[in-house]
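The same chain A turns up in both complexes below, where it pairs with chain B and then with chain C.
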Partner chain A sequence: MNSEAVDSLYITKFIESNGLSNEELSERYYQEMISWLDKFVSYFSCTKETSSYKHITYKRIYEVIKPIENAEFKIFINNLLILNILDDHFQACDLYSEDIIPVEKEWINHCILSQSYVNPFTEESISKEEFSKMISRYFSFTDEFKEYLKHDHS
Partner chain B sequence: MNFDDLKTNIVNLLKIYRGRGISLRNEIHPLLSGFTFLDRIHTWSSLFVHISELEEDVETDLLTKLGELYKKIQTDFNQRVLFEDKYLSVYKGLPCYDQLKQHLESLVEDDQTLDLSRNGDFKDHIFQAKKKVEQKHIYQFKIIRTFILKENIRVDALKSEYVNEEYEKLVAYKEVRLPCFDSIILDDDTQEIILCADLSSQFHEENLRGALAKLRLYLNQLVVEHIPDTGCNVFPAIERLYYETIGNVKNLSFKTDDGISHNESSRVGIEDLRSGEYHKGGIANATIEPYNITKEYNLELYKVLVTVKGSWHALAINSGIPNLNNFYVSTKDHGSFFKAIEEIVKTS
Partner chain C sequence: MTTLEFDLTDPLEESLYNRRLALLKNDYEIYIRQLYKDLGICVKDLEAKAHYVHSHSEDQLSLILETQLKGMGYKASHDTFHNGHVDIHVQYHHFLWLGEAKIYGSPTKVFEGFLQLTTRYSSSSTDNYHGGLLIYIQDTKLPSIEILDSWKTFVSDSQRKKDYSYEITCSDRTGRNLYFDSTMPHHKSGLEYFIRHMTIDLRHDPQK
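Our next item is the complex of A and B:
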């Protein structure tokens, strides 16, 4: 991984979006977030791998920036969404047949807000726990980030 | 043992082999070699008939020869059920290790041997035999598991009053009872506790998980500090096995970044699917995340088969660390068995 080869566009964006002062910037928490962000952007800027980046798992992101604690990992993912690096999407997995289907964010929001959890395969009521086992989130790279990756980082 | 008992025991033991899905051609014929034409019989049913119809007086020393054959098959079987076709869970660093070992040791009697009869009412785990290999103590249990087998039957097998020429196909379901040899292994070197469910290729994974859960329940009755539901995480081994050059990848499921699940199996004609044209072309143009792998290692005398079977769903876990606690190993000797386990759990 060669972070020096990559410009600091997203680090600047991160500082701006959080309105960080120089003092805050020196805090360990923000320093760590910036280093993970740098690691993430640098990896995908420099990698030779070929990918459409349409379906990115938590695992794939974790593998690039590890080690990171779980709570911070979730915050880091949120930062990637705020910075318009990632878009998020949802899928449902039938735990018996391993069938996978996409589910709309609005439908999930509706279930959560109304606290009426539905099995998207059978369309029967299920518990919140069963619902959260079935539904998972995945990500895609935004067009903006894909464009950024194409530019010359040398 | 008299002549008739010997014949019955041999046939019963061979029926267990058949139930385990062992190949008559590749595995049993070599055992029968040198014995009156038995190694030239090509179906299980004729082999059983032929053995049952053997007469003591047709050949001199037939009783002795048959006794030797039984010993040979029994030795092969005892070795085979220790390491073949297993579904495993490994636990590291559990505080109950010493207590558990003490309990299991107290159940040992020196002359205990495995009950190799086909049946028996083994509703609960009954301690049967113990083997010690280097620093590893293997405690074996026999348990009868049943499964439902679907068989196609011919219309003319029906009684005449039920025959209907319009039947296109007839199927029958029957309950099959299979003796399984589950085991608990304690490794004094690493302090690992390994639970093994037998006949992993014959049963659905759900049944195998149930078998391991039963073993755990049994052990939890013996110790104060319980064995947890989940063992070592073996998911990281999937990627490692994929990138490790030795061995042949026989089956692989993986995901690509466009949200497609791929499954490849090497069937006939190529040993390792990684050298397949489609696979090479694919990985040159996409990034893959393997989540299910079966590898075969060709040793001098036999093959070792290892399967670590994760799922697409496991990749989606929001911690970024997929979790999988069970895996499959099938081999024929302790060296390769424990080496395979060591390799799979080493990064967990």
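Our next item is the complex of A and C:
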């Protein structure tokens, strides 16, 4: 992996969207976030595999940027979403029948914002813990990021 | 261990999700609701360390809160220049919340923090119209609830409001919460400015 081969578009976006000063940029926390971002973008700029762009799991992201601690990993994924590199998608798995259905993001947003969690199979109210077990999230690359990857950044 | 799945029971996962929704919807209120949940976690954690922080300075205490918020992905700093040196500056992209902190000595001392927050640092712009007044309790025998109630009476006093030219409406404390919220016309724009007044109990005086 050659991170220097990749331009700094997303690093610049990260710095600008967080309004980071030079002093803040030198903090270890932001240096690490930037290095993971660089690692992620560099990896997908160089790799030939395109098959998984529509279904990227937490594990896949972790494999690319590890080692990373849990809290930083969650924050990093959130940064990828805010930077419009990733889009997120949801599906529900019935724990008894093991049926899997896609779930609308707006519906998930409503449940989380209102803190009223509903079983998407039965529409019954359930606890947050049950909801969390039932719902899984995966990611895809945004059109913007796919377009970015098409260009030669070397 | 790193969790490789969506886990809403993790307060950080839920917080990040809500903060991103706040950004997507450009909804400052969603951000503030989440910030207060997260600040509540930090305060609880700080209070649990009372044996260690019971004689820390205002700056040291604010630095601990700042560090905890940073660990949750906020851009938090203390003593940041924002029309003066505000005690706690919490930013998440364009959303901003400012907090002024005082170690409790008397309502008069808390009032200094109140004036600094409301007349020097605060703004009523669409992404910065909530702030906080943090009252660290270290060296007094008074119950927190009494400190909070006497502060509320002090800041709501008619003569004081006239003398210092401000209006304020304080809501009642709810449940077992040791905070109350207030609203007031911002001194520059006249738009509503909201403050959460909270006590943080750091006393450590075991009898055995």
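Following the convention adopted for this analysis, the second predicted complex is superposed on the first by the 150 of 154 C-alpha atoms of A that agree within 3 Å, B and C clash if a C-alpha of one lies under 4 Å from a C-alpha of the other, contacts with A are read in each partner's own complex, and residues count from 1 in each chain.
Just so it is clear, a contact is a pair of C-beta atoms (placed from the backbone, for glycine too) under 8 Å apart; a residue touches a chain by one contact, two chains touch by 3 or more.
Quick caveat, the model's predicted, so the values are computed rather than measured.
Colleague: Tell me the contact category for A:S26 with respect to chain B and chain C: first, second, both or neither.
Modeller: Touch partners of A:S26: none, neither chain B nor chain C.
Colleague: Contact-wise, after the overlay, does A:S125 reach chain B, chain C, both or neither (first, second, both, neither)?
Modeller: neither
Colleague: Between chain B (first) and chain C (second), which, if any, makes contact with A:R137: first, second, both or neither?
Modeller: In the superposed model, A:R137 contacts both chain B and chain C.
Colleague: Is A:S35 touching the first partner chain B, the second partner chain C, both, or neither of them?
Modeller: Neither partner.
Colleague: After the superposition on A, what does A:L95 contact: first (chain B), second (chain C), both or neither?
Modeller: first
Colleague: Let me test your reading of the model: by the given contact rule, A:I112 touches which partner, first (chain B), second (chain C), both or neither?
Modeller: A:I112: touches chain C, not chain B.
Colleague: Scan A:S17 for contacts with chain B and chain C and give back first, second, both or neither.
Modeller: Touch status of A:S17: second partner only.
Colleague: Classify the contacts of A:N78 with the two partner chains as first (chain B alone), second (chain C alone), both, or neither.
Modeller: A:N78: touches chain C, not chain B.
Colleague: For chain A, what residues appear in both contact lists, the one with chain B and the one with chain C?
Modeller: In chain A, residues 57-59, 62, 66, 70, 73-74, 136-137 are touched by chain B and also by chain C.
Colleague: In the complex of these two chains, what residues of chain B are touching chain A?
Modeller: Touch list, chain B to chain A: 255-259, 261, 284-287, 289, 311-313, 315-322.
Colleague: Using the touch definition from the top, list the residues of chain C that touch chain A in their complex.
Modeller: Counting only chain C, the residues touching chain A are 1-10, 12-14, 16-21, 23, 30, 70-73, 75, 91, 93-94.
Colleague: Using the touch rule from the top, collect the residues of chain A that touch chain B in their complex.
Modeller: So the residues of chain A in touch with chain B come to 49-63, 66, 70, 73-74, 91, 93, 95, 98, 100, 136-138.
Colleague: Quick one: in the complex, what on chain A touches chain C?
Modeller: Residues 17-20, 24, 29, 57-59, 62, 66, 68-71, 73-75, 78, 81-82, 90, 109, 112-113, 128-129, 131-132, 135-137.
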